[in-house]
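Chains: A, B, C and D, in written order; residue numbering restarts at 1 for each.
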């Protein structure tokens, strides 16, 4: 299977601050690929660069062999690549239903949209209950569900997910990852996933990259990454107590 | 005297009952955590305590007196909070953000400030020294003069905690302190929560989803669902409560 | 590029960050003080206007740029200051007292406007202040017995401690001194808890109040301070033009005042002063440019088109205002020859609803 | 007495419809871009002048004039978006507001420079004639009834558009969260262009409706200053609110002009808007949602 999405030496910056320093990665068709990294490593910037929200300074973003860097975001969505943004990027004064309709903005097939609407209501029954409410009145977690559901309504072939589990309960986090697996397996949707919950991410991912300070520093299959010592320590939170004890003593001293 | 108590608290928005007769007590010096599914009313309770919403029923008392008035009265009583979605002053530096946390310790008048009397300068230096302690504790030193708007999510989260600590609260409300943090940063957060409790004597009331963090730092846990209390007890008790597993944790699969 | 090594908390607080700053501001002061001996009478007269507008601009900047409260009614405060001054002068009240009264009375009106404005946000606040402006204008026009109605009021030269300031230079020094005092007062406020509370309200009302900032108190305070400065500006303005009528304080004047703040650069005191200079110099430039325009075009129309075009072009190319442009030029020279092209590159920006603030 | 009151009421309603139309223009732009277009009144004036030119110089019939003015203004509106507003897309609202103030200055200046338009006052002929209708002792001009009828039709159409049409909803979505709109594949710039075209078209329509009532003049745009309070009174961002606000202001003015001393008529609108805002800080139909934290 070929690569549906390819990044080659992408450099992006916010004003004078360079956030990506040459990121290259490949997302094969029909797979789930995850990008791990600390806060501020450039994960979100990578996704934003792919979806056209930020124009890269250098490098290429190829979607199905075609260069898309610097293109307007709406054209990228039309091509079938949709991002689920981090946090609560909903339309606060529109009803939940209208929010979902906006997800299907680029589509013309009314029947298909109706089907998909039923599908996401199946995934998230709470959204059906709140369909007439303004999205701004939903709780943080419910807005997160709405953002995911809305992206699915575009019926994309590739989804970029930015922290889908942010602020969700353990039960919902499990459900979200089940949904991610389902849309990947049942509909063949390719997924590029950015997630703090590395446990979950590595469990579902076929392949993973590790991003640090704007550069890819490691890549491997999901299963093998989960076995690596460094990954276990820094991203999965399994570490020995020795280092910590020392830091703790230092901290006490600083406070007094 | 109970330190902090919520009695029969209830609120409805339009026709929806968001919080329905919730009561609990927090003892001085403990870490008390509220868990529950999304939309269970956890953040709403925080907003009721902060007097951002008016409750339809019930009362909230802190150190024996009822909480009433506007949000700034809550802050003046010594209750600070952080927000689920980070509400910092974006166009100011980290230092200035923390200094606003010192607002309740302001002792100078406008007239003195216009003239910038020596007294104002001394007060400012004292505020600054107090803020530096927080900066030291949270290891924010090298972000001190950065604009908040350009900082990564994890750092902003810490800045917000710092701003709350700068008020020198007796009770701190943390709304999902670890959301969006990686395991390493969550670990730091756990240490800071323990520090607050043990070193600074601050009582912590928090909402959190990360059960590892919850069981590590909490003394007691309250579980909510659909605006009602479904369980209360030690972390272990609540985690094994069938209703909590059903509504919140989800079965193992 | 200058790097400041901080060794003392006091460094963040003090008036001048480093010696260079002190030097440049000192030089500026010397030039301004020497101005009456260097420039023509006409230029000096324009400089008086710049000072007066700068005081008003500073007042408006405090409200709009630092507290984030929009006002389209500041001409009303200007009018309150001007008429208070005119009335008190005609009653023989000494200048020091009358200008203080102008400031205090304007501040009091500011509180009256500020109080109902507490619950209003964004466009609603803008329209409420606009409505207030129209009402004040109408009151002044109709209250013939006190304000002289549309016949207007005449003012005599300022009498300071018994000495009449009849010469251009003396009045200029008065305006300059008051401008300097206004700047100093605002700098002091902005480096104190009150200024921080203002900025906090601008950035997030909800978290400001959760940090203990009394929203009602500080918003009203900001309105009062802003109105007081505008009142002082109004009093000086009345003396400068020597004849005031209600038509000088219409909504269009309010909009012009807001233009000062926007063109200068929101959220900077320098901007208020630069913006004031710009708004005074602009009509001169337009009238100079008129020689190059086709014969027979109506003067008012040309003026209006050119003013509009300059406003538009300016905002498109420099949304950060004059102060933003100045910073860029300064940075360019400071880091020369290492200026990176991307340093001030514009990012794609995305607007979010401000209705939910 | 009753007849007279009825008379005043109808005069107020007709005038109010005009305010409502201008207010609608404000609300449209606001709903779709969250900015307040200070040039709305001037665009209306410009539209009226185009109508005037078509009617008097070209001798076109009334309906063709309306169509012509709307088309020309819509194109101008889109052009303005492309040239002037797109560069500041995404900047704070206030920046855009200042630009619209600049546009207002330019339009007013240009109109005085066009030969034949100039600074004189013109009358625009209408096909409604000078007929009157008598209802319960009140005399109402057919012209006024036509104004009311056409306003109502336009409002209904716009309301449906924003409520149900995909483009209408997308316009609102864009204003509420530009970033999310981009993520959903909404062509934000094109949508923005359409909204400016639409609003300029509505302004032209309003200008022509207003012509028989207020005459065509280069300062006609200042009626926008009355329409502001109307839009705010109803609740900025609400289509029915603009109508109700316009009507209230029209009626209040009509009665104040008759019953109160001179001068009150001009400020009545502003007194009313202040009073209403004291009680309802977001106008009558304004959304009272607050930020969720």
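Following the convention adopted for this analysis, a residue touches a chain if its C-beta (ideal position, glycine included) is under 8 Å from a C-beta of that chain, and two chains touch if they have at least 3 such contacts.
Since we're looking at a predicted model, the values are computed, not measured.
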| item | value |
| --- | --- |
| Most distant chain from chain D, judged by the mean position of its C-alpha atoms | B |
| Top-ranked pair of chains - ranking by C-beta pairs in contact | C-D |
| Between chain D and chain C, distance of the C-alpha-averaged centres to the nearest whole Å | 32 |
| CA centroid of chain B to CA centroid of chain C, Å | 40 |
| CA centroid of chain A to CA centroid of chain B, Å | 28 |
| Distance from chain D to chain B - Cα centre to Cα centre, in angstrom | 47 |
| Residues of chain C touching at least two other chains | 206-207, 348, 350, 353, 355-356 |
| Residue numbers of chain B (touch at least two other chains) | 43, 52, 83-85, 87 |
| In chain A, residues with contacts to at least two other chains | 14, 53, 92-93, 136-137, 140 |
| Interfacial residue positions of chain D with respect to chain A in the complex | 166, 169-170, 172-173, 176-177, 179-189, 287, 289, 292 |
| Residues of chain B defined as touching chain A within the complex | 13, 35-39, 43-44, 84-85, 133, 136-137, 139, 150-155, 176, 179-187, 191, 195, 199, 209, 211-212, 247-250, 253 |
| Residues on chain C engaged by chain B in the complex (per definition of touch) | 9-10, 12-13, 185, 188-189, 191-197, 199-200, 202-204, 206-216, 221, 267 |
| Touching residues (chain side chain B, partner chain C) in the complex | 50, 52, 70-72, 74-76, 80-81, 83, 87-92, 95-96, 99-104, 106, 108, 110, 113-116, 120-121, 124-125, 127-129, 132, 163, 167 |
| Chain A to chain B touching residues, read off their complex | 14, 17, 38-40, 86-88, 126, 137-142, 144-145, 163, 166-175, 196, 198, 234-237, 244, 248, 251-252, 254-255 |
